[in-house]
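Heads up, there are several structures right after this.
Both complexes below contain subunit A, partnered by subunit B and then by subunit C.
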Partner chain A sequence: MNTAIVIARNTISEALRKKVLNAFLMVGFAMLVLTFAFQQFAPRQELTLVKGMGLGIISMAALLITVILSINLVPTEIERRTIYTILSKPVRRHEFLLGKYFGAASTIFINVGLMGLAFVLAIVLKQRGADMGSSFNMFKGIWMIYCQMALLSAVAIFFSTFLSPLVNFFLTFSLFIVGNLSSFTLDLAKNTQNVLAKGFFTIVHYIVPNFGNFNYTNPLVQANVQVKSELALLTQNTIYAVVYATVLLIISILVFDRREV
Partner chain B sequence: MAAAIEIKNLTKQYPVPMKREVVNAVDNLSVTIGEGEVFGFLGANGAGKTTTIKILLGLIYATQGEAYVLGKPAGDIEAKHKVAYLPESPYFYEHMTAREIVTFYAQLFGMKIEDAKKKADELVDFVGLGGKSDVNKRVAEFSKGMRQRVGIAQSLINDPDLLFYDEPTSGLDAIARRDIRDLMLELKRQGKTMFLSSHQLEDVEMVCGRASIIHKGKLQVIGTMDELLGGERVEVTVVKPSAELTGKLAGMESSEFDGKLTVSVANTDVGGLLDAIRGAKGDVFSVVPKKRRLEDIFVEIVGERIDSATGSLASTGDRPLDGSESKPTANKYKDLMDK
Partner chain C sequence: MKNFLDAVRGNPKLTAGMLALLAVQGILQSRIDVIRKDPNIEPPSTRKSLGGLPFEYALGAVSGFRQVIAGLLWVRADSFFHSGNYDAILPLLRLITWLDPNWLDVYSTGAWHLMYNFTDTDQRSDRRYLPVGIALLNEGIEANSTVFDLYKEKGWNLFDKVKDYDESVKAYQQARDNDPAHDINMVEHLLAHATERSGNPEGAVKAWEAAMAAHKQRMDAAKGTPTEADAMSRNTQGLNNATKNRRMVSVRGYCRPRDIARLGQVDTNMSFKVTRVRPRVLRVEGTWNLVGCIKDQYDDLSFDDQGTPKAATISSGIVMDGPVDGARVDIRLQDAGYAIPSPKEFSFEVPDTLTIMQDAINSRGGKKTLRGSLCAINTGASTDPNQERAGVYSYKDDASAPKGVPIVKALAAGQLSPLGQLQLATLVFPPSTRKKKFYTQADVPGIISEIKADATKLKGLTDRKFYVALEDKLMPSEFGQKREIDMSKDPKMYSFKADAYDLILGFNPRIAPDFVQDRLGWNGEGMTDKRYLRTDIKPGLRMLSVKLKLTRDDIVGADTKVLFDDSKGIGLDKIQK
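This part shows the complex of A and B:
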């Protein structure tokens, strides 16, 4: 496990130097700042809009960072042959893969965390310190975005053990979209009469991670949307992400264990 | 002598894209290398050398056969604690300095960060990258020779019993090449087992006690250097040979240039030849022993000459028999290690 941590630390230090990821982070920051430029609405409306857009921008920037980072982690090591010197050391393949995943998850955490901090700080400043509770509540949404991205990273790393980065890019994005429409696929499965279509949509609904679960913007920005038990929902979603990512990583390890590098 | 590496009937097949065929990258290879032995593994590009090493390190898997490293199945983690690998043209994380890279690899052996940093300092100095101008340079700014030195530094972290060096001197300038050759000689002196894959035949002749030649995945020949290079010949050159002498020497392996006749005979026949020349009042210009070269053997076995310019089998050229070129003037690695 110590080896996985060493690899994770190295992955973070390399990822944080990647210009393309930093560019997405900067664009995220820039858009967050632009969000605060809305002046033509009533203060309450304006705040709702700012919060909604802010979480959306963080989510979008995090999505790009996660996908670009995660699809390349393993193939790049193989392509530039750095993996030879690593796996010729007493490093088990699962330690390598877990190190890569933890490195990616930590990098995403740092990026989402930085954007989240900037966002919450900006809201606090905009409200001039009033209603600090609602400002800090934004961290719940930011945490859900992080869980969603950590799960998406596991999906991308799973595909990267046997697919090229280009195919992985499209597949990961597609699954993210389908996973966000999970309730829709369930409805399709229930309402269709065609047995094949019913089977297909049911399988899609249960196999593709339900990324839609993590969209927690409405309860945070709409006063009229209430959640019965916020803590239960957040905990449940966190556990869902951890369990799903664990399963994906186990399958990834099994595939990568037999892969020739 | 216990076996450091044992390869039994090893075969590695790859499917040919778009065809229902397979190609044998390694074909029924069997080799045993003893502990403390420096073994040369020769072959042209694509002969199967790197594939064999990758199987032995567990990076890829054999289609058939068995391979053992330090008594453990290939790829065993326990064995990897005592093994080092220097890949051909090693690549490292470009954003790191040499010291950071060696520290990173040292940590992969379970070293604590402080110990890893200390080891890295030692090794970076050892390979000559500890100078002020290099120590803060990122690998991205390194020349090929400097990268190779980083590769050597990372291969010595665990004081390995067995080293796999894949083309360690390929593409290096004369000085860097001599330095790395010196290091290999020093490792040999220390009794390390070395599996040296190369097409730089001169290096192999100098460093290895035993060698094999592999071609298209098949083992062609294996033996000690004495066995492989045995059967020395001698070239005797006669100035302006008389017609009588030319007649006497007809039928022998000879060539004539600029009024000089050069005759090549086996070492054992040189006395008889000189007697014959003296008997015909011939004027001997020179008697030059000619040692067989690995390149000659390679060409004999494989039946094809490979151009060094293409990066394949390198020509070793002529070399004086006294071996002056083979003796480095000063082995700095020996001095450093003795310190």
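This part shows the complex of A and C:
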């Protein structure tokens, strides 16, 4: 496990060397601009816009960082042939893969965390310190974005064990969109009369990673959208992300274990 | 694939663990589905809403960026609004409400925009958009049925714009019943106002009492909580307002029937004339007796804080009545037989062949001077609030004024009637200077003596041409004499494609201001009219209404033509029974 941690640290350092954190700077700047961009609206509308857009920008930036970072982690090592050096040492393949994943997840965590901090700070400033509770509530949305991206990173790493980065890019994005259709697939499964279609949509709903689970902007932005069991939902979503990412990593290990590199 | 299967076979424990975790995530997913659906965290992705969106928006919506796209579109809609490009806002409203059906401000602002901002050149609302605005609110209510906001918006639009108080009451009741955390000031106070306007004062009193109880309950619940100060401040103010309003409705509930019985019904004697001035330009003018309570001449002093009479026998409310300004006569021109539809679904397309024009014409200039009372002669309209409070009417010249004598002479000769003396006292020494709301006859002799002894005051009255009438003079209120209803400048709004039109002229006492209702009653109990009184339009309501059937040629014809004049018997066949 120590070996995986060492690889994870290296992955973080490499990502930081590639100036991945510049994305945070840009998003932070966008947050400041956003804070003053909608002053022509009534205060409630302005806050709705700032919160909705802010979480959206973080989500968008995190999505790009996650996909671009994760699809390249394994192929780059193979392309540069550095993987031979690593695997010739007492490093097992699954340790290498886990290290890469933890490195990516940590890099995403740092990025999303910093963007989230800038966002919450912008909201606090916007509200001049009033209603701190609702400002800090934004961290719930930011945590959900992180969980979503950690799962997406596992998807991209899984694909990267047997696909080229270009194909991986499109497949990961496609799966992200399909996974966001969770409520849609559930409705389709419920409403269709065709048994085959019902079975298909049910399988899609339960087997495809359900990224729609993590869309938590509505309750944070619209005061009228209340969640009855918020803690249960956030906890179950977090466990879901961990469980599904573990499943994907196990499959990745199984695939990568027998791959010729 | 072969390698993968080999790996699976070679790692049975890992494979079994993976399958077990896959099953766990399935169970977790089914539990998450339940929480996310009750209530819906994300708007239901119905095929209707997604199918209606352009591809790029649908893609954004299903990718989890609903709010971002909706926000950007809303910013765009706002810029269209500020540049006056109102038509461009409507498709955006459609997209935004599909993308983010929980965004309440979009529905409320959108409905306000539809119902108030589409106007013709003379700022008359385009009434074709009213059902559309209500449909938008209904759609919002369907998506947000557990919060009060959109019921409240619907209630207000029905109250203020459509003036359908019965429906407004229903909307406010839904706001109250569906959201226990509703804003009492915004919901229950307006519910009480709407109930009163719907001609139900007893119901209004009950609604105010319920609001008062709700304020008290909120204050009790807030004690010891961090929001106590805010809740106390807001609810104390609300409770005070509700208490005052409840008292006034009670006072009026007691006084209005008694005032009407004491003073008798007002014969409004409405008469009007419709002229086509130019093509698509009409003038609707007429006269009627519009009587109300004179400003500040309403006695509510004999009632306690609850609005209960302090004694078994007390005087009723109106101290002085007479012709007043301030009520309006409604004019509506529409395609023959048009009835406001109730669309199930919001669509921003309005029928471009439909013509509806609605206007409200001010009524003013009524005068009533009885023998022995005061009047004034001046060229301008009366601007002296004390003169208005005293019920002293101004005439523009001697010819139009009743015969009279200067006030000093009348005082010396004892020609002032009791009403004239009351008017003089109110005019010279306004009741507020004696810390009174109004004078009673008991106050008058002392004040008259003071006036007689004050040469400066007497000279002032003479200079301002105050007279004492030697005969009765009654002049009805007029409406529409200098007002042209010009529909020629807005052909898109007034297309006049139909062959026949209804011109509806009316006065609904439920819409009238309080001081008019004080005399005419909540439901028109205090008025009668030999020609135009109708009691069959709404149960319990007596209103003035007449519907004329006009042809397209009547409206778009070239020359000036009198289409209807009841005083000369012109066009009487156009009246629809």
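As a working rule, the second predicted complex is superposed on the first by the 235 of 261 C-alpha atoms of A that agree within 3 Å, B and C clash if a C-alpha of one lies under 4 Å from a C-alpha of the other, contacts with A are read in each partner's own complex, and residues count from 1 in each chain.
Here is the rule we go by: a contact is a pair of C-beta atoms (placed from the backbone, for glycine too) under 8 Å apart; a residue touches a chain by one contact, two chains touch by 3 or more.
Nothing here was measured: the structure is a model prediction, and the numbers come from that model.
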| item | value |
| --- | --- |
| Which of subunit B and subunit C A:57 touches, first, second, both or neither | second |
| Which partner, subunit B or subunit C, touches more subunit A residues | C |
| Subunit B versus subunit C as contact partner of A:100, first or second or both or neither | neither |
| Partner chain(s) touched by A:240 [first = subunit B, second = subunit C, both, neither] | second |
| First, second, both or neither for A:3, with subunit B first and subunit C second | first |
| Touching partner for A:258 - first (subunit B), second (subunit C), both, neither | both |
| Touched partner set for A:219, first subunit B, second subunit C, both or neither | second |
| Touched partner set for A:84, first subunit B, second subunit C, both or neither | first |
| Subunit B and subunit C footprints on subunit A, overlapping residues | 258 |
| Parts of subunit A lying in touch with subunit C, wherever the complex brings them together | 38, 40-42, 44-45, 48-49, 52-53, 55-57, 59-60, 148, 176-177, 180-184, 186-187, 205-207, 210-219, 221-222, 224-229, 232-233, 236-237, 239-240, 243-244, 246-247, 250-251, 253-255, 257-259 |
| List of subunit C residues in touch with subunit A within their complex | 3-4, 6-8, 11, 14-15, 17-18, 21-22, 24-26, 28-33, 35-36, 38-47, 50, 59, 62-68, 70-72, 74-75, 78, 82, 100, 102-105, 109, 144, 146-147, 149 |
| Of subunit B, residues touching subunit A in the complex | 54, 57-61, 77-78, 80-81, 83-85, 87, 90-93, 95, 104-105, 107-110, 151, 154, 164 |
| Footprint of subunit B on subunit A - complex, ascending | 2-3, 6-7, 10, 13-14, 17, 80-92, 258, 260-261 |
